[in-house]
Amino acid sequence: MAINWFKYSSPASFYSLAGKMTPLFSITAFALFVAGLYIGFFVAPTDFQQSEAYRIIFIHVPAAWMSMFLYLIMASWAAIGLAFNTRLSSMIATAIAPTGAMFTFLALWTGALWGKPMWGTWWVWDARLTSELILLFLYIGFMALQAAIDDPRRADKAGAVIALVGVVNIPIIYFSVKWWNTLHQGATVSLTQSPKMAATMLTSMLIMGLACWMYSIAVVLMRTRTIILERERHTMWVSELQGTA
Amino acid sequence: MLKVSDLECMRGERSLFKDINFSLEAGELMQVNGPNGSGKTSLLRMLCGLAIPVHGEIRWCGNAIRSLDEEYHNAITYLGHLNGTKDNLTAIENLRISSALAGNEIDESEGYMALRHMGLGGCEILPVKVLSQGQRRRVALARLLVCRTVLWILDEPLVALDSAAVKLVQSLLVQHLDQGGMVVMATHQDINVAAVITKRLQLA
Amino acid sequence: MLKVSDLECMRGERSLFKDINFSLEAGELMQVNGPNGSGKTSLLRMLCGLAIPVHGEIRWCGNAIRSLDEEYHNAITYLGHLNGTKDNLTAIENLRISSALAGNEIDESEGYMALRHMGLGGCEILPVKVLSQGQRRRVALARLLVCRTVLWILDEPLVALDSAAVKLVQSLLVQHLDQGGMVVMATHQDINVAAVITKRLQLA
Amino acid sequence: MSWASWSDFFAMGGYGFYVWGSYLVSFFCMAGEIALAFNRKRTLLRQLSLIHKPIQKEQNNETTP
Amino acid sequence: MFLWVIQRDLLLAMRQRADVLTTLFFFIIVVSLFPLGVGPEMNMLRIMAPGVVWVAALLSSMLSLERMFFSDYLDGTLEQMLLSPQPLSLLVLGKALAHWLVTGLPLVLIAPVLGIQFNLPMDSLLVLTASLLLGTPVLSLIGAIGAALTLGLRGGGVLVSLLVLPLYIPVLIFGTGAVEASSVGLGASTHLSLLGALLLASLVLTPWAAAAALRISME
Amino acid sequence: MFLWVIQRDLLLAMRQRADVLTTLFFFIIVVSLFPLGVGPEMNMLRIMAPGVVWVAALLSSMLSLERMFFSDYLDGTLEQMLLSPQPLSLLVLGKALAHWLVTGLPLVLIAPVLGIQFNLPMDSLLVLTASLLLGTPVLSLIGAIGAALTLGLRGGGVLVSLLVLPLYIPVLIFGTGAVEASSVGLGASTHLSLLGALLLASLVLTPWAAAAALRISME
């Protein structure tokens, strides 16, 4: 690989690199969103069981995926930051959290809007739903903790600790919730998967998933750039940047 | 024994001090001077290992204090702005417990003797919260009487003390230095520790 | 103006002092001396009305301070061992809010001026928790610059201050006394307020 | 293409509220996130230009004779 | 002066932006804990809902009580307030109001969403919200007395709960009663007007009591 | 050293005799609030009982978390502890244990009595107590991390709940699950052994995390 990674681990050079890459990812994300939505709404056929309501899937599933991926990625960056004391990794972790929380919220919201027509209720205490809700709490805890700490270095490290503790706990939480739910019988409605997911549906969903990835990368890069500026405002390179810009 | 090189301290976005170099040998007293906010407390906290310098190194007997960690803690006693006494415990309990936490268990009679020496006779079994400011500081200082550490790091030990207690602290320091101890101290009040090597560090 | 008669203070089962009598007129400074634990703080808290004497009376312009209550509060400013500043607010916010609570609203520029006068230029918008001990004390003392009260009751105002700040406080006191103010102060450090009437009260 | 008309499309087989509710909220969340990110950066740059103004001026003075 | 107190407390809350949100999330989390503890049957949950929401509101209001005076006490601000020339009860009223704005109001706004998670019908949601709107200020006001009394006592955080929770019980009973009455078709107005009466009474009485308590604690 | 820490914390708790009792009373009051909020049907209450008891245990453990390090932080004792020659994680373990002895153990002892109020049968009572015995130490241990992370932050009391309550959820689920499993005749041993596993894991892991958190907070 031609890129010298070590070079880009310094905030200053990452700042310019990210500046170049953000538009790239934004455009890709936009194009993929358009394509995915087009296939989802105009090519994919009507589902014979759920009629048109199933079209929520094209945003619901990618959002749910992203919510989980982003937590893992956030925790990894935070861990790297804690272990090797690299400022940039911690900044990226901080930048990921709001996007992750947003996707978690979207998964909950779209799920609820899907649940009402399909199950007749906005919410059930199902394993998947419940653990998604807890994931939202974990994101919010991470952000609240970082927001409560003024000193950025301390905020980075404290955030890393709580993110890592969260990662250890997520599987425990997931399995405990799953088990809790399946031991109770009763009003549990399981997610009804459409019998044979049409190929077009799958394509659209995958494209939308990719679009969400690109979107996340773009937004995170943007936010990381802002955070870099905020933290390095008193360094030479920032003032030079101001002078030239 | 204690060697500080090129130390720099950043607080917020300001560099409080940089290029601090000094070393301290047995029997030497180092007095850190400087106006309010010049970074004395910050420096002392770094010397203890409570704060981490952005640049520079602190070595104890040749090893970086970060690598020594608990071994280093065995060699120092730190007295900060805060007394580290619990309001609801009595003076004697405070003294015994804080000594034990510092790895130096003392028995009751030793504790009583130290408190009495610090002029706290009669207050030993009062909870610290009813004591006056100066008496609380004396309880904290009593730890110095019973500890067996080499390096004392004292942040304004004389605050709230009356003149009798100031004299007491002076004699305590002289005795410790005579026995080959080392002291780093920040204070605004003049203290008179005659006949020992006194180094001064002036922060801007 | 301030007249204290036959004052007695009990703490726990001990009588700390009794038969304290003095009066204070405009332009007079009263310095309360005594070793640690002799009851200086307890006396000052009584003078403010924060503690109630077991015996004796404190009168302000002829009336018992208990009966005056809020009227009396308009006439005094108390600075205790604790600074009364909020860690999470900035220096300027602390000053403005504590003044407003004391019934004396000040605008921003006045606050900035007071802080700058106290040597806190550049720290005005830092949260107090990052300031050094001395700087925090200065924030608390800045209240004296903006207040319009007659009687100042100061409990060890010089704690943690460097020599420049001590001079500042001295000149502040002289100015206040010159304008007909009154000061009751407890301190262990020698303070040099020349050319004004200084009374001394020695507690055992 | 499975839609007879635009109104059909918006009705989503009677599930319009749910489908469009999902997509609109998703859209606004993402748009809002981007807007917030931009806004944060803009205010920061404004602050920075205040901080670094003196430097900038000096540089201008040097470069423009 | 009154306004200064409120403004100051709000400023403190905003300084730590997370502050308002955390009480809110505490409320949300506690409400969500119950289904996890009790099980997911919707019928069961629907019956429990008003009780759970109200108990959670009680707890989150109470949890943040300590903050009302304690930090002011620690750093000496409270001493200064006692020496202020304004009536202390006004000051206490200001602090209680600020407390409600920071911790009570957000709960009122989020409660309907939580009700949905418990499958409450529309009417019940409305009544629940109305009862919270009337009831939560009472919690802050009564809480002020408890907070003042326990000032500076060790373990104050738990002690305060011991003192105020029993006093909160009427609010709890009328609050949940309103929702239940409406759900069985009896109409909630009696319960709600009782809550209103409680609110008025505590607006008048509690500031005095809390001021007296403060004086006692600070002596 | 380890023992000194425990001894000191217990001594402090005893000095303020009310301390232990207040956590306990908080627990009792919260549990008793529910019948008031939900209504008196016994069947309903019996089903709710394990959930309510466990949620109350979670809350009262969490409420007293702040106390674990905060007062030591304020008066400078914590600084001294960081400078002590013993490993910090041992010290943290000691403090978590003391916390459990003061706030967890009393709950375990009183829980059967509360269960009787909810009409729980004998087996369920036993299982409930056993699950609390295994579960409450986990709460103190996990809580130590949260308490260490939020040291000295404003609104710490509520923030800590935001951080630790989600992490408490598995304990809640296994704890209540044990009681329910036993009441439907499935046997509680799986749940209890899972709780035991959680306890062991957190005994090993949390002291390190909490010690790291403390170092970060004190820097």
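For reference, chains read A, B, C, D, E and F in written order, and residue numbers begin at 1 within each chain.
Here is the rule we use: a residue touches a chain if its C-beta (ideal position, glycine included) is under 8 Å from a C-beta of that chain, and two chains touch if they have at least 3 such contacts.
Owing to the predicted nature of the structure, the values given are computational and were not obtained by experimental measurement.
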| item | value |
| --- | --- |
| Path length in steps (a step moves to a chain that is touched) from chain D to chain F | 2 |
| Residue-number overlap at the chain E/chain F interface, same or different (half cut) | same |
| Centroid distance [mean C-alpha coordinates] between chain F and chain C, Å | 45 |
| Gap in Å, rounded to a whole number, between the CA centres of chain F and chain E | 24 |
| Length of the line joining the C-alpha centres of chain A and chain D, rounded to whole Å | 18 |
| Set of chain C residues in contact with two or more other chains | 87-88, 127, 130 |
| Overlap residues in chain F, where contacts from two or more other chains coincide | 12, 15-16, 71, 74, 153-155, 159, 162, 165-166, 169, 173, 180, 219 |
| Residue numbers of chain A (touch at least two other chains) | 137, 140, 144, 148, 177, 180, 184, 233-234 |
| Contact footprint of chain C on chain E as seen in their complex | 1, 4-5, 8, 11-12, 15-16, 71-72, 75-77, 79-87, 218-219 |
| Residues of chain A touching chain D in the complex | 41-43, 45-46, 51-53, 55-56, 59-60, 63, 98-99, 102, 105-106, 109-110, 113-114, 116-117, 215, 219, 222-223, 225-226, 229-230, 233-234, 238-239, 242-243 |
| Residues on chain D engaged by chain A in the complex (per definition of touch) | 1-3, 9, 12-15, 18-19, 21-23, 25-26, 29-30, 33-34, 37-38, 40-41, 44-45, 47-49, 51-52, 55-56, 59 |
| Of chain C, residues touching chain B in the complex | 11-12, 34-38, 40-41, 81, 119, 123, 126, 130-135, 137-138, 156, 159-165, 188-189 |
| Chain A residues touching chain F - in the complex, by the definition given at the top | 134, 137-138, 140-141, 144-145, 148-149, 153-154, 157-158, 161-162, 164-166, 168-169, 172-173, 176-177, 179-180, 183-184 |
